[in-house]
Amino acid sequence: MYSFRNDYSEGAHPQVLQALTDTNAVQTVGYGMDPYCQAAADTIRRLCAAPDADVHFLVGGTQVNLVTIDAFLQSYEAVIAAQTGHVSTHETGAIEATGHKVCTVESPDGKLTPALVESVLAQHNGTEHMVLPRLVYISDTTEIGTIYTKAELTALRRCCDVHGLVLYLDGARLGSALTAPGNDLTLPDLAALTDAFTIGGTKNGALFGEALVLTRPLPHYRWHMKQRGAVLAKGRLLGIQFQALLEDGLYFDLARHANQLALRLRDGIAALGYPFPVDSPSNQQFPVLPNAAVQKLQELGYEFEIDHVVDADHTCIRLVTSWATPESAMESFLRDLATC
Amino acid sequence: MYSFRNDYSEGAHPQVLQALTDTNAVQTVGYGMDPYCQAAADTIRRLCAAPDADVHFLVGGTQVNLVTIDAFLQSYEAVIAAQTGHVSTHETGAIEATGHKVCTVESPDGKLTPALVESVLAQHNGTEHMVLPRLVYISDTTEIGTIYTKAELTALRRCCDVHGLVLYLDGARLGSALTAPGNDLTLPDLAALTDAFTIGGTKNGALFGEALVLTRPLPHYRWHMKQRGAVLAKGRLLGIQFQALLEDGLYFDLARHANQLALRLRDGIAALGYPFPVDSPSNQQFPVLPNAAVQKLQELGYEFEIDHVVDADHTCIRLVTSWATPESAMESFLRDLATC
Amino acid sequence: MYSFRNDYSEGAHPQVLQALTDTNAVQTVGYGMDPYCQAAADTIRRLCAAPDADVHFLVGGTQVNLVTIDAFLQSYEAVIAAQTGHVSTHETGAIEATGHKVCTVESPDGKLTPALVESVLAQHNGTEHMVLPRLVYISDTTEIGTIYTKAELTALRRCCDVHGLVLYLDGARLGSALTAPGNDLTLPDLAALTDAFTIGGTKNGALFGEALVLTRPLPHYRWHMKQRGAVLAKGRLLGIQFQALLEDGLYFDLARHANQLALRLRDGIAALGYPFPVDSPSNQQFPVLPNAAVQKLQELGYEFEIDHVVDADHTCIRLVTSWATPESAMESFLRDLATC
Amino acid sequence: MYSFRNDYSEGAHPQVLQALTDTNAVQTVGYGMDPYCQAAADTIRRLCAAPDADVHFLVGGTQVNLVTIDAFLQSYEAVIAAQTGHVSTHETGAIEATGHKVCTVESPDGKLTPALVESVLAQHNGTEHMVLPRLVYISDTTEIGTIYTKAELTALRRCCDVHGLVLYLDGARLGSALTAPGNDLTLPDLAALTDAFTIGGTKNGALFGEALVLTRPLPHYRWHMKQRGAVLAKGRLLGIQFQALLEDGLYFDLARHANQLALRLRDGIAALGYPFPVDSPSNQQFPVLPNAAVQKLQELGYEFEIDHVVDADHTCIRLVTSWATPESAMESFLRDLATC
């Protein structure tokens, strides 16, 4: 019937597709050196109030993570990440494949704090017998839907300054984060507080694409991209899409829509008495349902990921909404769950 | 006025774009596990008469080269390539970045022969003090526009069998090769004679995409892809495009168009008395022009790559046609060149 | 006065040095293809009752770990290790530098069990989005001095068989393990139960050297060695030393000496009322001492590593004995500690 | 009878072995942080007139090459080397295994010149589509026995300065180079003209060991060493040996001996009418002999490497002398060759 499996189950938002269609016949140079990418980069610099930021466009999230993290690090330097961090779990060792250790730490809510970062540092003695943790990887929203506040990100920035660390924020779901209730971060805040962050397109209305905003210079970044197969021949496709998403605020409208439906799902499910182990204000929700209800919903045609088995009778599932989720899908899900 | 810079200056062929538009709202699973990719893979297996081939879809050429070559090789094994091979020159050391040496050999026409392959083998003593050359990288069309005949490819296959080598063909411009005058190779031939080859979409009408046909199994290929950031979240985009290109022969129609315009360019330039160091039957042409003509053409708004400096007064340029090149552009170029 | 810092504070046992002196003028071929290495490999095969085992000699522990683990693994495959495992902590990300993730798990005693191994496997979903854990890394003695029993190693072997895992045992301190009270493992057991294990020379009387015993074939292992700079030009030095250590049991005599002194240290310290968080039967002991005692001992000239801070007033130190530790050093340490 | 196969067929020079024996029982800290390494590093800084140079000791040549070259380079940067360079041929792709391309160029005498370096640079367009050649690898003596003059090395230095390149000199046979007839280079010259160079011990009287002299700082070099398994636990063994070799000039005495015997071999063979394709003033000689003579010499028990097949009747062999080669071996070889 309907898939809540993820936020990349469809193609692109119609306006994005229209922009690709409108520009289809125009000739440009390749590899992202075209005017569309230039314009989109300018838009991003303007929105971030970061006129000197370097902006690059890559195709996917694992790709931008592995290229950027490797570009920031010397070979003996390592990443600090939450155990749940995408780079720690669902990237098939992509960071390690570029030679770097990912040092993980348990986090109750998927977020890192100065204390957690320092607990990792404390396990390293600063000698040549151990890696040097050097880059802090965080995601906003996190992999379990939580978001950072400005105070939290500011504290991490200070921690990174004290310890000489690079702060990298994976914004695969940044739209959802910045439009979630409780969020007080802005793009200029992100540019000011991180060394690099991404603005995710794939999960918020683009066919594909992650924009990387570098406020700490990485002069040969394009060499790193090319060496990893991360330079798109028709790079303009990325610029066109990001310009369509960002120039008039469509990006945030889409994310707001996804969040609203997710929160209505959350509230409806909670009203039926089902618990949520994590309090997520964003477009991923993780309710715990009886196995019978899970099975019934699947039989009715709903698709979603199983997050984890809770006990013999209960399962935590993941429901993801997107710019494309119709209100009716959310409502019918709640109606059907009420009958389980 | 017009860019002959490359064959990826525009977006996609309208039919390809239409296919993306038509399917845009459909929900599918991610990562290329969707029905569109399945259908496109089936189409490719059918066209290749290779029912057991494994087919994967990747975004770009450097990407598919680095993932596949690394997947075929043990760490101490190396690639044999022509000095002009794309992996030797224009991929920023992407193969070496996965740990493998590329052993190059001079080739007069950009093609490898059994003799050239064996000359590389002869430089290696088979002991642990040297790499073991193990994979032969060829491209069709080559980087300088030449093509392989069936006899040549069959000879390479035999050579690879004798020496236990993997034969990998980079088909970034395979459409142009298979529709070029003098070509006698078919997709079934390629499936029968190589261990793996690609069918390039980027340079022949797709927004992006390379289809990889594996006739020698690589069971965990998707792990290699993911580790290198080469799994597209909305993988369906690749399946949809290749199905649009291949199911009714559009792919070859587009390539034929590009070749025809290239050959008319070639003939027209030759008729003006300008030489071509390489005899290319495909969509890349490399005429040698007086510097004054080159400059005049540039001033008129024509764009093209400078291939190399020939002497103080002459330059070899590269002209590339594509599915999108209008007849008028070719004609006006010839007209303007005649006045130089 | 005396250093209990580690078991590689001196040169070689005199008999080992004598063997090097005796053979010094003999000419042999290089790279470990000489008769001394052949003889030492034969001795090891005999002692292991493993006539078909492949034996290689490398210079150091991190070196043999990184070469061997990488040789066993495909690029998307990962290591399972205890949090305290040497490859997890004190090798500067050497395994990750070859491209492989090390998946760690907390272990109370530094040892892995089938349950711990399976807890790591359970965190991986078997899809291409995650690494495939494939090699179990254990050490005997462990990094905190504990040893495996035959029952424990047999259980791990079964676990590895069930899950298709490679079992690799780091024997940097294998002499100490095999001669410790409570040990019931033998070299033939190790050859039968692991896929590969090392016999450490560096920490038990050699100038340097680790012998690798491969019972699961790795046909091109010497290529892996050479590519990592791990083939010693005068490889004979390794064969000569291992033959001197192993042909008449010197290796085990030396380890027994180290253990005896360590256990007398342990018993003497315990008799003074100081606790040991880990119960080690081998040549590394980890007592918790008051800070004042630690400082006094240091002022008296004793050297040792600080393992960790226990609380504001107590520190856990590491005392290591070796083949070279004189009884008098152990006795004077106990005498001096008694006065602290 | 006698092996001219290489210069590492025996153990160590007796004075070196004696130094190891004399210090055998002394306790020191590990990993090269001991007083012997400190003293040897001071000796080297003094001999090089380079008081600020950083000196490290590694076990082997491939090892020091791979660690150092990788430490100097960003991932997209490449090496320039002669086709005959050790890193290009006989290190099993060790440099590529750290991710870097080695760009080779044909050289008639195994040496690089500014013109050859610039010919490699000219093949690279400076864009992100190609690697950036960044480190010039040379060896002295070269792999075919030739040596650099001060004028040649000075010219290379200037070339490197102009193009922003790192100049690295592999001195595996540096003793032979610096004592060869025609040499006008000194250790202070090498320190002044290169960014890094090695002083080879393995091939000139040590059991093993290469000293690395860094005049361009690489602050975290020891992390690179450890990550590649290149930190010797009993690092003192390296310091003791280099101190024994260098403090009183033994190193150069040994090399002078090797050269003298090699040149007498050369002159004797030439007097018999056999040609030498390369004019080598050092301890490697490459005469071309009739196959019958080669076979006869082998039957008489002489060992040597076959360098290459010249024609159906002639073979170029490699004869290597060392500190250990007795005059009698050289004389009997000439006598026996005269009878062939």
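Going by the order they are written in, the chains are A, B, C and D; count residues from 1 in each one.
In this text, a contact is a pair of C-beta atoms (placed from the backbone, for glycine too) under 8 Å apart; a residue touches a chain by one contact, two chains touch by 3 or more.
Just so we're clear, the structure is a prediction, and the values are computed from it rather than from any experiment.
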{"item": "Chain located farthest away, centre of subunit D as origin (C-alpha)", "value": "A"}
{"item": "Inter-chain centre distance, subunit A versus subunit B - centres from mean C-alpha coordinates, in Å", "value": "33"}
{"item": "Centre-to-centre distance between subunit D and subunit B (centres being mean Cα positions), rounded to whole Å", "value": "42"}
{"item": "Chain centre separation in whole Å, for subunit D relative to subunit A (CA means)", "value": "51"}
{"item": "Sites on subunit C at which at least two other chains make contact", "value": "75-76, 91-93, 97, 99, 128-129, 223, 226-227, 231"}
{"item": "Chain contact topology (line, ring, star, complete or other)", "value": "complete"}
{"item": "Subunit A residues within the subunit B interface of the complex", "value": "2-3, 5-6, 8-12, 14, 17, 20-21, 23-30, 59-67, 91-94, 97, 202-203, 207-208, 223, 226-234, 236-237, 324"}
{"item": "Residues of subunit D touching subunit A in the complex", "value": "70-71, 74-76, 99, 128-129, 132, 220, 222-227, 231"}
{"item": "Touching residues on subunit D, where the partner in the complex is subunit B", "value": "75-76, 78, 89-93, 96-97, 99-102, 128-131"}
